[in-house]
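Common to both upcoming complexes is chain A, partnered first by chain B, then by chain C.
Up next, the complex of A and B:
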């Protein structure tokens, strides 16, 4: 296999990395600010996929379905935060993980109850389905859309965090929740907002996934592991790190499929384990 | 006189309950009832798994999502050993011990140096590495079909009769439970519990948290692997599902149901869990939904599990002095 085909493969698979990034972003935000490892994150992602499927089949309007799927998923996340997660903040980290694990179990089963055990799939809308030719490299509009969305989300997050007053407050809660509260920041509201945003982003990612791969039971189990690996390699709580690592994982995993089809995932995991052995707090982690 | 005092210090409500349970399990074999024996065997296997798991979770306070890895290592080492090397289930089960020991040490080196959150995530990732290796390495592990035909009849022992296999499991069960009980009562048991309650203080007392965590992980890993090995011989089949992380989360649920801060908690949880899954699951297709709801309810309202709930009842009637359950 020559170099160009590798490059093409890598370029096209930027979209995979971008989807991983959208999945990881919510996880990083929720862990950073709320300090909860959200085990149910992939379940929310898949919820977004299913909602997209339902709304798109009814309305046939891509953008509207996308937004509705995103908002409903975020609202579900906020409900979960208010009713369950909020009550375990004061307990040990283990219990927070367990609570979200329970949510993940419920969500997975609820999805099976509502949408059945089969896979769901929608076709890419016609306007987005076309491809454009870049000197021999064909890129699908839809794939390009995902890559651009990922990049825009990255820029938006950085701008929001660093240049807005709410972002400043969020960073304050991220650094020191007790002190922030003493300064009059409504930490509870920020926690709920972050949970809403994080899960809404998961919903967006999930909604963007349905036209590309069929979504069914079991996908969430697989995705949560990949998301955790990305976040851990990047270092828990690093937004920039998560973006870079997610893109790299997306690209490398698809190149590895070409070289060693048998062991692609295994090698990825082993690389992750090695990185952690030498850099326990991840590539971009603090401390 | 000293020996007598040592012996008396070893006796409490747990050992009596344990011996009663072992006796009861022994009695079940006399009924000859196939279904009861089937459930009792599963209870023993998952009881071993959950008790092993709780060494990490309840004692050392380390949440592992990757115990399917150890269970799988036990199951696959017995399968590969009996099918390829030496055709005997007993030797196979014993062979899984050194393999599990080695695996635990490797896992420990990779995961124990970081915080508890990292431990949870890393064990999950490692178990998924193992799972995907099992699925991908078709020539060795048979891929997703797994390995079939693990012999019950071997060079030294013949376990093909259900009653014989039942006693075989019971012997392992009793030995492991009594071993864990002695551990629980020993100084190491105390140190392992100290890991869970206040690990920051241990270095001040001259102990290495890493070494103690490693000991906890090794014991937990070997016990879980033994459960896996028995499981493989019991079904004569082993598939990669046992290494998947959702399977590895089952002993966690059992420990929580029974009460992870009680010595017998995981065993009680295993009894409830196995009875429910083998009976109710046939009728309720979506029982995982109930499981998730139960999990959340337990975390919000009964963090002590069933035994914690019972203890609070006992405390209300001032019977606590007679029953010392907590480990």
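Up next, the complex of A and C:
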């Protein structure tokens, strides 16, 4: 492969990686701070897609629809946290799994009721649908948008975690919830905030992809499995680690799907299993 | 994790309660069954011996994909079947016998569904089947079923070339044009295009593989100067074609062939457009591109290449320009609100094929009906169909055309290129 095609392929891989990163970040936050394995993450992703579809069809305003879709999904996540997840914090993991799985099932059926069983699309907005030619490489604006969003998200999260009071408190709860509670940090609020953010991020992922990939019931499951694998490989300690692993997985799976399509997800599973064997806390995990 | 007795009973109780709630809700929200109400009109002329079938009701089982992402295809089959049945029953049925339909989801274990249709529902015939895999499965047990199966969508040539012709499973018929449309006829279109380098993107399963194989083999003989630069094989159910598209864009291909269909085709076309594929490829052949679900979904956004986006289907509503076709399209639109999808027509015609055969045979005995179907020539909306006796494949032609946006409701086709079916179908002995 010559340089230009390599770079073109690289851009696509970055886009895939950025998408996985947006999903994985939400999972990492919820898993790390709230300590809940959110089986419903895919459902929130799809909810974001559907909401984007509905609002964009009404308003024809890309940015506004994106923000509304994100916020509503986050709000739904917060409601789920307050009503359901809170009750299973003190219980064993299996109840948490059942609870989030139940949420996923309910969301799935609710989506079918509201939006029907078929697949929905929106066209890429005019301004973003264009591509620019850079010496033989066609860079599509929309693909670039997703890459840039991922990068901005990474920077924003680092800044938030390390330079704000709430970020400090979140990190504290992440490290040691009992001590944080003892020190007077409102852990309940932090949990709800993190759940809101995590699900809003899933919604953002869904909303961003719906012009490119259509949305229908159950379409997100494959993406979410990969996001979970990223969390497993990266471990729960590091935001930067999650970003790196997400990008790598995006690159890896894009290459694999071309060369050995039968093996792509299998190889990821094998890598994840090996890492769990030798470094159970993940590549960048701390505990 | 150790669980004490109390917790165990709690979990069991919760599980049982959940099951009960689910069952009650499921039963309460079950859609009411559709009832067919028809009147049989018997016409007798004095002095003429009545030709009657042994049963007052002819039951036809209809198999289609009714769940999951491709469930619209099961609906198309249903629409065609219902329209035909309503028309036939309104005019006195088949020799006075009423036609009744029973619908089943071929995705819910097609072998089990086929057996139940025959053993439990006592159908006399089976029509439909979207998936090639399922068609081969039903074909495998057709002798055990003992009933005629008319496939109206599944496209694998192995159904007719191997099961009927080689293995002699005489109960299988097909009313729809098979993969010859996607492979061989596509090559006839490609040969006249001023491009030399072709790339392919086809599904990584039987239908996709055979489409590309027939396309490349045929085109190489028609245009020896042609080069096949690259081929990609997305798995069934791919939502994101971007890695494949970027590889296609990186190649030096001038034109693209694809047999990808339905939802995947819509996604492929949109992503291909978004990534600049239509700036690169001078021509695109999309073998199932004029399937109505794709046409409606893409609408005004249906991309057109410089030398044309050449599309076809197994029947297209605007061809042939005959009275029977125009009236079928009008009736279909009045009944279902949309232009007919191809598998609606192929199923509609399959039922009319059965009617013609039954009126000939005046019997429900499968062997008699098989004989009546073999060699049958019948005028249908898609054109004249000849049921070839050797492989039970309906022979008729559907053209390719170039997408144009001159239509009002949906994109239309211009430059229709029809090649005689006898030229692009494969013939026995299929060597």
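Brief remarks follow.
The rule is short, and it goes like this: the second predicted complex is superposed on the first by the 279 of 287 C-alpha atoms of A that agree within 3 Å, B and C clash if a C-alpha of one lies under 4 Å from a C-alpha of the other, contacts with A are read in each partner's own complex, and residues count from 1 in each chain.
Everything below uses one rule, namely that a residue touches a chain if its C-beta (ideal position, glycine included) is under 8 Å from a C-beta of that chain, and two chains touch if they have at least 3 such contacts.
Keep in mind it's a predicted model, so treat the numbers as computed, not measured.
In the model built by aligning both structures on chain A, chain B clashes with chain C. When both complexes are overlaid on chain A, the residue A:216 reaches chain C alone and has no touch with chain B. By the touch criterion defined above, A:106 reaches chain B but does not reach chain C. In the superposition on chain A, A:190 makes contact with neither chain B nor chain C. When the two structures are aligned on the shared chain, A:270 is found in touch with chain B, with no touch to chain C. Once the two complexes are laid over each other on the shared chain, residue contacts for A:43 go to neither chain B nor chain C.
In the superposition on chain A, A:229 makes contact with chain B only, not with chain C.
Of the two partner chains, chain C is the only one that A:129 touches; chain B does not reach it.
Of the two partner chains, both chain B and chain C are touched by A:94.
Touch criterion not met for A:29: it reaches neither chain B nor chain C.
On chain A, the patch touched by chain B and the patch touched by chain C overlap at residues 92, 94.
Of all the residues in chain A, the ones that touch chain C in their complex are 1, 4-5, 8-9, 11-13, 15-16, 92, 94, 117-119, 121, 123-124, 129, 131, 138, 140, 142-143, 211-214, 216, 219, 222, 254-255, 257-258, 261. Listing the residues of chain A that touch chain B in their complex gives 37, 84, 87-88, 91-95, 97-99, 101-110, 112-113, 221, 225, 228-229, 231-232, 236, 262-263, 265-266, 269-270, 272-273, 276-277, 280-281.
Touching chain A in their complex are the following residues of chain B: 61, 63, 109-110, 113-114, 116-118, 120-122, 124-126, 128-129, 132-133, 136-137, 244-246, 249, 252, 256, 286, 288-289, 291-293, 295-296, 299-300, 303. Residues of chain C touching chain A in their complex: 1, 69, 71-72, 204, 232-235, 239-240, 242-244, 246-247, 249-250, 263, 266-267, 270-271, 273-276, 279, 297, 301.
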